[in-house]
Amino acid sequence: MAQIKNVGVYTSGGDAPGMNAAIRAVVRSALYYDLNVTGIRRGYEGMITGDMFSMDRKSVANIIQRGGTILKTARSDQFRTPEGRKIAYENLKKNNVDALVAIGGDGTFTGAKIFGKEFGIPILGMPGTIDNDLLGTDFTIGYDTAINTVIDAVDKIRDTAESHDRLFIVEVMGRDSGLIALRSGIAAGAEAVLIPESKTDLNALFHRLEQGRRDKSSKIVIVAEGEEAGGAFEYGHLIKERFPNYDTRVSVLGHIQRGGPPSCMDRVLASRIGVAAVEGLLDGRHGEMVGIVNGEISYTPFENAIKHNVDINPDYLKIVDILSL
Amino acid sequence: MAQIKNVGVYTSGGDAPGMNAAIRAVVRSALYYDLNVTGIRRGYEGMITGDMFSMDRKSVANIIQRGGTILKTARSDQFRTPEGRKIAYENLKKNNVDALVAIGGDGTFTGAKIFGKEFGIPILGMPGTIDNDLLGTDFTIGYDTAINTVIDAVDKIRDTAESHDRLFIVEVMGRDSGLIALRSGIAAGAEAVLIPESKTDLNALFHRLEQGRRDKSSKIVIVAEGEEAGGAFEYGHLIKERFPNYDTRVSVLGHIQRGGPPSCMDRVLASRIGVAAVEGLLDGRHGEMVGIVNGEISYTPFENAIKHNVDINPDYLKIVDILSL
Amino acid sequence: MAQIKNVGVYTSGGDAPGMNAAIRAVVRSALYYDLNVTGIRRGYEGMITGDMFSMDRKSVANIIQRGGTILKTARSDQFRTPEGRKIAYENLKKNNVDALVAIGGDGTFTGAKIFGKEFGIPILGMPGTIDNDLLGTDFTIGYDTAINTVIDAVDKIRDTAESHDRLFIVEVMGRDSGLIALRSGIAAGAEAVLIPESKTDLNALFHRLEQGRRDKSSKIVIVAEGEEAGGAFEYGHLIKERFPNYDTRVSVLGHIQRGGPPSCMDRVLASRIGVAAVEGLLDGRHGEMVGIVNGEISYTPFENAIKHNVDINPDYLKIVDILSL
Amino acid sequence: MAQIKNVGVYTSGGDAPGMNAAIRAVVRSALYYDLNVTGIRRGYEGMITGDMFSMDRKSVANIIQRGGTILKTARSDQFRTPEGRKIAYENLKKNNVDALVAIGGDGTFTGAKIFGKEFGIPILGMPGTIDNDLLGTDFTIGYDTAINTVIDAVDKIRDTAESHDRLFIVEVMGRDSGLIALRSGIAAGAEAVLIPESKTDLNALFHRLEQGRRDKSSKIVIVAEGEEAGGAFEYGHLIKERFPNYDTRVSVLGHIQRGGPPSCMDRVLASRIGVAAVEGLLDGRHGEMVGIVNGEISYTPFENAIKHNVDINPDYLKIVDILSL
């Protein structure tokens, strides 16, 4: 493999807090190792339209604390076609980009895997998604911020739930993964947490709500958006039917979970992984996602990282049961 | 009127941040003037069930910073009947309560007005509602906190909207009043603010969104929940129909707007009005809401306070237009 | 006076949250009225060095929520000399700037008053300072954010003070004004508030601390940095000497009070005043600070605005006494 | 060992956010396993004065989100004497407490180790300290909240530093440990991080500040309070002497770092460890601190946990160097 001289960096898929910290880390460490850096806007879309620009230290000044991504992100249907990828590759060549750092989630890495193989361009991935649903890293960049946003919101909802003796069903993000629901549910002191990885036993849920109702003035049920029965409104309907005398409300937290200044841990995670991604490229690595496992930098082939079978630690569900009693 | 010896205090209607600061102010200032204080739980409901207790300094220690209301709040159908109110009055007499401070909004004051006249018990009101829809005070307790919660949420939504070049329609609270929408819309830099007090010109809205679209990467439209056409989802539908190529999303902020630690201004407002409510009762006042108008304490008869025709300053809508250009 | 075609805008003196919202409002409303806008960096210093640039809509995109000032701010000794001001004026002429909006506090307006008279250039001021120490406006831009930052910090300190039964002396900003101390003291539930406008009676303070100590587990005393006896450490020393068995700590909040995203009210205030400043210039006004008094736009000659005798409402000190009992 | 029937729980040493979540977890899981729970106020001091009370589910309702500790904390000189510990033990016996969960740091565990051995009472510890300076757990309860508080404060300071082109020296907590400084320094984008574990090379620091100064408008140096040369003010002095033309300021963040609502991760950590502590006691464990290492519950003898030689990952210092360039 020829020596790398110019690293392209892009964000793709759903945005996550800490993506800017990740971009900054890639840019600054590439410059530290005397590489050029090319910013690519709107992910694969920008490769195809040629929306690229040279980045220097100042390009990433004062962004570590900002939510969103200065490189923007977008879907690209054209990149799913061989013709689209060909155009993308030619644009990269035109800009002398000879290696890539892809920041995103499973869709991003699926594209990177194919693209890297087709054109022999070395690509390393950084896990940037609030869902924490990738193998090969203990945490994804954005997850910690998202769960803090959730508990801040649920703390507020608890204030009004307590005042009115209400039951709230709160829907959080996580289409295929209950990890946001699980940790935020424990931290919010929720009575129950309903996640796609675990079949909901309605009778057990009703029993729990009834039992607790006797001496608790408010209740919170956290539902992951991907939970089978149809989300928070569906559960709201079922609970109202079963307990018509409860004052039951539904709240869908929505897109606030994607924004805001990244937490300290997300910034540190993005910084460490960003440096390791650049160093990994210089070491000849490619086709892998860089993560942190048990405190150490770890490289996982794209095909393994996106396998989507992140296990739920059963201890967590038990803790919800024990502590909300 | 006999001299007051025991002040009852209650919160009623929708809860608002700063109600605890209001309770604290009433309790501490009543004690300062050597009165006894009786806390009544769940508003008029607690009067009827006799859910009352003696309060001292410590009853309100360390609550000024907490959202919600330690006295809780509830609806009471029974209090709407003469029989219910008779029971309530007898419970107050049994507890030696000879004056009341009612913290809440228009429903609270409507009840207070009738009850005070029927039984000759002096009642003063404190404006506690996030909606800011009462006459006789520049701001209601809870409004400032709510609009800060809204802009914190919209700032987060802006992060993700910018990253994806999206248009977001954000629904905020305010069933009959656009005041939350108006100030938070200016502060969030929204492209448009749709409120019940002003008929929405759909063509003007479309024109504005189209025009701005040319060179703005994201857009925010703030809709008050009471806005005629059916709220954020209805507007989302109309906008998607008109601009099928926009990436349009809807977010309903919901009950987070009712909770959280009260802002500094809400705590100061609650503290000043609480002291003035107790002093007003001692001065023989009754049947009035205590507010702050142009920086000075002001007393407004209940029937005027709840007239619901709070004017919208037309300058504000013009400012949205000028600044989001 | 010739018609205005090009408005220069600058920030000067200590920075305050909301200055960016103020700049945005000036730029966007000037463009709305078909004026050109010139941004001047580092206040009077930038006039002298000629650090100016043309601003358009995009120059102020996505800044309404940011602390600090994108135009930066600095002291300028040279501007205090007639020679310095001559250079400044010539640079303005060279850039075709024929009117100015000055965002800052008393130092800013003192400079603006002299400069405007010397060269006949119309200048209007916007009150941007966390201290709230200007006449002609109920609130200065930045004050509301600063007092919210203070109570957020004191809420945190209260957590640890409660846990350890400690007395904390917390120093807040306000060199010549106790207004930050006063409102944040009420809102933080402080036992005492010591401000430059009111002579501190040490015996009364000791009495208060002793009395309260009997049944309160923690205590907070708020001291304005300009308070006579030498600030928080001096009071810490006196209190430790008088009450050697108290666990007394000092915390100086410092520069966190100048930063952070501006509150909703500060953004609205900056937006309204910014529009009014541009409209005022178009109406031929000059030599005045634009403020909001009792909800309405108000214009005050610079010499009156900076008179520094903002009265302290004695009610506020009484409220501290009553409510912390 | 006889079967455990009544678990006593206490917090001791410096308080940390998440201690209330820890108490809640111990109480609720002990009740889940049909044990009685005794709360002990002010740590070892409360054992000696007999300040204990029976706790039920409601004793810990609605506290998971609160900073501080509802059981309070204090130093106890008397507990350092055999006579003091004898009294403590007799008070525990009188209250039928036959096992203990100690929440705190090294001082807490040193006391627990001696006490447990002297009287054969089983004690397990939970790591509650913002300093993260214990072996046997990846993170201590409170650390994550503290570093988030630090970066929130430094983000605010950066706003004003940028506006004035200033250099700020920010002192954070960590008397013997630079771990707060290190992670928050990376996350705040600091130019340099000075910690007790690594000797500061003044010339290198000066070189770094000089080099960066050329094209960076603001600078942040993070200093751990335990750093050798005497803290932030001493460094401020040295830097002002070396760079008289820099506008250099010092800010000591102080006790805000100990308070505030715990972060999601701190609440989850406290919840998991609390359940494991009770389960560990039931399994016959004693004399150990319960922690989480690489995601799994881990038990470490007290004498090892407090060894105070937590290693600093050298990668972190290198990351500061690379990314602040």
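A, B, C and D label the chains in the order they appear, each numbered from 1.
Heads up, the rule we're going with is that a contact is a pair of C-beta atoms (placed from the backbone, for glycine too) under 8 Å apart; a residue touches a chain by one contact, two chains touch by 3 or more.
Nothing here was measured: the structure is a model prediction, and the numbers come from that model.
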Both-way neighbours, i.e. chains that touch chain D and touch chain A: none
Touching chain A and also chain B, the following chains: none
Chain C-chain D separation of Cα centroids, rounded to whole Å: 36
Euclidean distance of C-alpha centroids - chain B vs chain C, Å: 28
Euclidean distance of C-alpha centroids - chain B vs chain D, Å: 39
Sites on chain C at which at least two other chains make contact: 155, 158, 162
Chain-level touch network, classified as line, ring, star, complete or other: ring
All pairs of touching chains, each written as two labels joined by a dash: A-B, A-D, B-C, C-D
Touching residues on chain B, where the partner in the complex is chain A: 11, 15, 17, 19, 66-69, 72-74, 149, 153, 155-165, 168, 217, 249, 251-260
Chain C-touching residues of chain B, taken from the complex the two chains share: 21, 24-25, 28-29, 31-32, 57-58, 61-62, 64-65, 138, 144, 147-148, 150-152, 155, 158, 162, 183-184, 186-189, 215-216, 261, 263-265, 267-268, 271-272, 275, 294-295, 313, 315, 318-319, 322-325
